[in-house]
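Structures are listed in the sections that come next.
Shared between the two complexes below is subunit A, which pairs with subunit B and subunit C, respectively.
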Partner chain A sequence: MKMRFRLVSVSAPIIALTISFGLSSLILLIIGKDPYETFKIMFEYGIRGKSIVSIINRSIPLYISAIAVAVGFKMGLFNIGVEGQYLMGSLVAAYIGAQFSIITPLHILFIIIVAVATSSLWAAIAGYLKVEKGIHEVISTIMLNYIGTGLIAYSLTTIFDEPNSNYDLPRTKELPETGKMPPLNKFFNIEDLQDLHGFLVIAVLVGIFYYWLVWKTTLGFDLRITGSNPIAAKFSGINPNKLVVIAMITSGGFAGLVGLGPLLGYFHRYTIDFPTGLGFAGIGVALLGRNHPFGMAVGALLFAFLQRSAQILDLNDVPKEIEQMMQAFILLIVVVFYEVIRRFIVKQQVKDASKRSDE
Partner chain B sequence: MKIFKSLTKRYIVFTPILLVLVVAQVETYSQLTTSGTFGAAVRLAIPILLAGLGGLYSEKTGVVNIGLEGMMIMGTWFGAWGGFTFGAWQGVFIGMLGGALFGLIHAIATVSFQVDHIVSGVAINILAAGVARFLNVIAYEGVAFASSTASPRIQGDIGIFTMPFLAGGKIGETVTPNLIGRVEDLNIFLVSDFAGLMLGFLSNISYLTLFALILVPVSFLVLWFTPLGLQMRSVGEYPAGAESLGVNVYLMKYIGVTISGALSGLAGSYLVVAGTGTYLEGQTGGRGFIGLASMLFGNYKPFGILMGSGLFGFADALQLRSPQAVHGLLIVISIFLLVLTFKAIFEKKYKASVVSFLLSAAFLIWFVNSTSIPNQFVYFTPHITTLIVLSFANQRIKLPEKNGVPYKKGELN
Partner chain C sequence: MKLAINIENITKTYPGVLANSDVSIKVKSGDIHAIVGENGAGKSTLMKILYGMVKPDSGNIEIFENKANMSSPKDSINLGIGMVHQHFMLAKNLTVLENIILGIDRPFLKNIKLSKYKTEIQKVMELYSLNIDLNQYVDELSVGEKQRVEIIKVLYRGAKILILDEPTAVLVPQEVKDLFKNLKDLKNNGVTVLFISHKLDEVLEIADEISVMRSGQMIDTVLNDNVSKTQLAEMMIGKSLPTPPARLTSTDEEVILKVENLKSNDENGRTIFEDVSFEVHKSEILGIAGVEGNGQKEVVEAIIGIQALDSGKVIFKNNDLEKQGTRERLESGISFIPEDRQLQAMIMEMDLTNNVIIGRQNIKKYKSSLGTVKMKNAVNESEKVISAFEVKTPGTSTLATALSGGNQQKFVVGRELEDDPSLLIASQPTRGIDIGAQALIWEKLRNSRDEGLSVLLISADLEELIGLSDRIIVFYQGKLVKEIEAENITPEDLGSYMTGLKK
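And then the complex of A and B:
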């Protein structure tokens, strides 16, 4: 019985993907391009060895960002501020991590702790504002994103700027060798390709940790019960205010890890062109993957695939911005179908139950 | 005595205003209350006002609209495209249509499919950013001065208007005296500052600004004094009850959310047509969300939204016009925190008093040891203002009863 419902739930993202591809094809037709050719080029480019490494590298921060968002979603808390939180965390971690050198595992662990601490502190502000001042977290986190961007721009040019560098743009000092995460290429025997970020291991661990935290701990239970029925949660003795702050801090902690994949694996310093937008992209992945660790992994890989394979389109005279549209279509349609299917399942369950009581 | 009591109750509003007025008497900070600053404040407040009114229509019918920002983005793009292809006023209209289209999408998702309102809003924002980017790439292929993130300049412009006699406007070709301007130049405490405020509203304002300002009383009349408005509000308060009285709940919600989108679209096209003259990616800069904040500040009332957006517009204008003037705000904040300290001591909240005293001292030290605020800080003045204002204003809000609750026909919720 449960299996049947599970199959029906999986159909939602598949329907959404089909419709989004249909819509995108329609748009391609309207601007006079052949959709079949376009998708074929994208697919062929996307499954090359180099592309696959790039897709995995891209999906690491997307996945962690989605988890950060999902922790909040689980209790009905919308942390739209992952964007600002991970940028703050990455900047401070990049700066402090570059000041000294110890053996690699400890060094990386230290950088991770700094990033997590910074980001969760920044996220805690939103939790405080919601609990003490009653400001909805969507508004406060959005405002904190702008404030964070300003603070980063200021501190990057003054406090954190690399001293005595002739480089024009502000940037932090480069991480010492011990602070760089070794790539995994040797392990997978793909040394002819570009670096596969070592942070992949941490991303997988984070996924497992997230699963354990949400489904196997009391805190996770409190989060889920508050998300599905706040009133029942209150009567069962959960302090909603305390939970909001804890959830915000936890979510911010995960957010701290988002920027570390690119930081430790590729950039090795915080610069003006450090990747932005991962926080917002994570919201999409979390919605697509229904806050489930496996679903979000698939979502992150899918979005990373679209991003990477769209790079080839400009060479074929198709605007690569179609990819952003496709992601957005998938997102909007999938949320609609999840709701449709949820209602369908509830109806079926009611029917089944009444059938049983008739017997 | 009663008036005095209500005034002291509103000290949170009046103390800062008074402090700003005092600080503005110092030469360095005189920019705080000039007509130029107020004029800029009006221009910057209008998009926030329109987004706030948009939020009002939607939330009064019970649909939370986080998607205002996305609808505003659509307004900027369609406004610029319409402006480039046809002309300024047509651009405004097309921008409104673009916003309304996205309002309609939000309505379909939240009303017909009962998707969670915030989830749908977030999706709308992401969709709008992607769509605007894509459209901008395909619409201006080979057009000069266009790039993937910017559109070419719009044709023509919206006329500007200056009130004759009071603010020195023209009647035909004759220039009339600028009475209020003279008063402002006299530099009398309070009087000149007030004249600056008046002048900000009366001189060099775009016709589109006038139109937006008129929408405030119009919205008030529509929502509170027409049968349609009553039906819309009843749907937000008690949809099942409204349904039983024959109100078409879904239709009302659709109307509310679509109007909301159209107003946000208008806000976006205002940014283009009365502002930059081109579409720029990211030019909305979170103003949709600030609009939502002004709606909360205004307690779901059109004139309250006007006040709120004026405040945010003022903060925005200061950061654009005069970074030194923002520096003057530091001392204002410091003194205001000191006032809060005394209030806390008076109410025997000693912990709060220590916190605000320390903050007050910190701002004072910052004020004394600097001559200006770093550019990067100035940039987020409106956003931090939003947070501070909401911290003080949020406790007395009256939300529509069923705001954000999905409603399905026949369900009693």
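And then the complex of A and C:
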């Protein structure tokens, strides 16, 4: 696409951001708080060194989760089950990874493979149900989330619980030192701050891989044309059923990586307070970033920034729920403006093309 | 006599399609008036304009001799126009009564007075002699009964003009009889009926006047008594014939495509087509004639593997294609131009470079050994197609949706001819495009045929079919009823075979 169209495209999230700040200010005014002061506190807190590390750590799983969702979105498939998929993957990987010890790179690679395999298998169930039984993937993945949560709760207390533990709550055995991902603090020379998760590197690679897969490969081409016109896709020789299963497995595979940032970098075991909700948050980030690897990175960082900087609000007597409202405003408004801009670009192209025909 | 509808000079264009071109029609009050035409002739657009679903670019509409300006179905309903869609708009899990009053009454926190409505509706039913049990659930009704519910629904809302869109397409013969009886009762009670169809027998049975549309234009309106089925078929299909240009080469003996005893049923077990066998030779254009809905579209879709077969064989260059999916078939040298370019052939929101790849994603030209798309080749190929087929576009990065219909179609035809296929299946290759683009596509098809390409051509445009084909086969009611050399056929004869008059 031409440069001017790209510039127009970028304007949508900026407009959405501005409007949602405006709406949030309005709400702050209504509840009697000073919006300028509030945003100033949030911003100042959000750009502290400690906060920045925390923001990046938070954005890693958000970003990967968004990618998992986006793979499905690209072919018009709604994988709402990233939540259940990553939790299953994390639990099984945490358990198996803690059973032995090999050199760190291999150990981590092994854990990654286990997580990816578990999650994509769990996702494949939804793919199978859609293709063979005609069950819509939104229904099946939501149900699979519930089933997954139940399975996790049960198996964590029975099969996967750490044996002979003197800890009250169920949790898996801690990963051995070789299974922990070293932080990147040394590399960035920030050893005075808390750990910057090493999984950041993987997240960047995942982003690049996702871009390559969707925009450069033939499989990605098939995904995209099925997403925009399933009938033409079928006439072009694509087997839609096969593609649904492939897309579901791929999406689930990415989902498997969502929990590994926290697992390998901080928790080092699966516990009952292992972070949840990342799968759902990813849907919002994918929407905000328009399924684009760069857009989703910005989206993940933005949401992580809002979450982190909102933590200071309670201390200043401002309800921190304002942050969740802001996220929702941004999403709602951005969806509208993306559509407005898409129509504008089509109109411009029609104009250009008819000029050409008149010559 | 009073006019119920007077439409004057309606024109409606969609991006890339001229759907209605200067269409005028007069419908007398209390008549049953049929509009016939092939799929894509513009009937549906005209009805959507009349029902307020689509706004025309220009033209006037008068309803009961008052100027009307409707911008939504609500306006049309208020003017006394009711529409029964081909696909029923009924809530299955509600009763007939509930369906009929659905959307009329919007009580706020109070009960709907069902009994009040019931008596009112029964009055309407008595007036027009339409019978149905109002307490039955729609789910339990037959197709014919559901249609009756739709009609009652529309009449109860005060419709004086009833539009029926292909009402018999979903009915069995007995139900058609019942419907026609109902329509006559309606007529006797002063309701004007607008009946859209492409089934000529039915139209001749029921209509007082018949209007024929073709390629977005109103060809003529005739009285039922003054017209024969053959004449109608000619008007619908078009009869002026160009002299087919002399062939430069002769048809080769070699058989490229052979189909044997093809048979397929739909999910309800009704036969779509059966006993279909024919051959296409090298360097031959085989035309397929048939009024829409007679199985020919499904037969070609079976050849490329989209329509499932119950039995029969498709043999392409001596290979049985049974085990091959659509992708393998397309890659082994069959090209396909589907009848709907925007829905089936192109991705409208992608640019031309991406669109040139569609259908050929997996061939070496576009797929590297790493599994990536070779974009450079795609740019080159789309440039080639653009220049060879005179596609008017600012460049290869223009979205398909920005082009006019003729240019989209030239691009699709160019794409399908680009890789020197052995067989081209072309379904309505020039439907709804301008004359210039049509002439260019005809020329390209002839040239490719002369160079050895085999073509299977389906067209509703008899002029095109007879002018291009070497041989023509005719489908009627899912069967192949006739095979003729194109030189020896008159359009009158062809029309007779297509409508089952001659065997």
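Side notes on the structure shown:
Here, the second predicted complex is superposed on the first by the 358 of 359 C-alpha atoms of A that agree within 3 Å, B and C clash if a C-alpha of one lies under 4 Å from a C-alpha of the other, contacts with A are read in each partner's own complex, and residues count from 1 in each chain.
We take it that a contact is a pair of C-beta atoms (placed from the backbone, for glycine too) under 8 Å apart; a residue touches a chain by one contact, two chains touch by 3 or more.
Source: prediction; values computed, not measured.
For the composite obtained by superposing both complexes on subunit A, the positions of subunit B and subunit C are in clash. By the touch criterion defined above, A:Ile80 lies against subunit B but remains apart from subunit C after alignment on the C-alpha atoms of chain A.
By the touch criterion defined above, A:Ile142 reaches subunit B but does not reach subunit C. In the superposed model, A:Asp222 lies in contact with subunit C only, and not with subunit B.
After overlaying the two complexes on the shared chain, residue contacts for A:Val201 are found with neither subunit B nor subunit C.
Once the two complexes are overlaid on the shared chain, A:Ile159 sits clear of subunit B and of subunit C alike. Once the two structures are overlaid, the count of subunit A residues touched is higher for B than for its counterpart among subunit B and subunit C.
By the touch criterion stated above, A:Ile231 is placed in contact with subunit C alone, subunit B being left untouched. Of the two partner chains placed by the overlay, neither subunit B nor subunit C lies in contact with A:Leu169. Using the contact criterion defined above for the overlaid structures, shared-chain residue A:Val340 touches subunit B, although it does not reach subunit C. In the superposed three-chain arrangement, subunit C is struck by just one stretch of subunit B from 189-197, 207-215 or 225-233, namely 225-233. Contact residues of subunit B toward subunit A in the complex are 66, 105, 109, 113-116, 118-120, 122-124, 126-127, 129-131, 133-134, 137-138, 148, 285-286, 289, 292-293, 296, 374, 376-377, 379-380, 383-384, 386-387, 390-391, 394-395, 397.
For subunit C in complex with subunit A, the touching residues are 15, 304, 306, 325-331, 336, 338, 343-351, 354, 357-359, 361-362, 366-367, 370-373, 392-394, 397-399, 401-404, 407. Against subunit B, the residues of subunit A that register as touching in their complex are 31, 78, 80, 129, 133-136, 138-140, 142-147, 149-151, 153-154, 157-158, 280, 283-284, 287, 319, 321-322, 324-325, 327-329, 331-332, 335-336, 339-340, 343. Subunit A contributes residues 1-2, 212, 216-222, 224-225, 228-229, 231-232, 234-239, 346, 349-350, 352-357 to its touches with subunit C in the complex.
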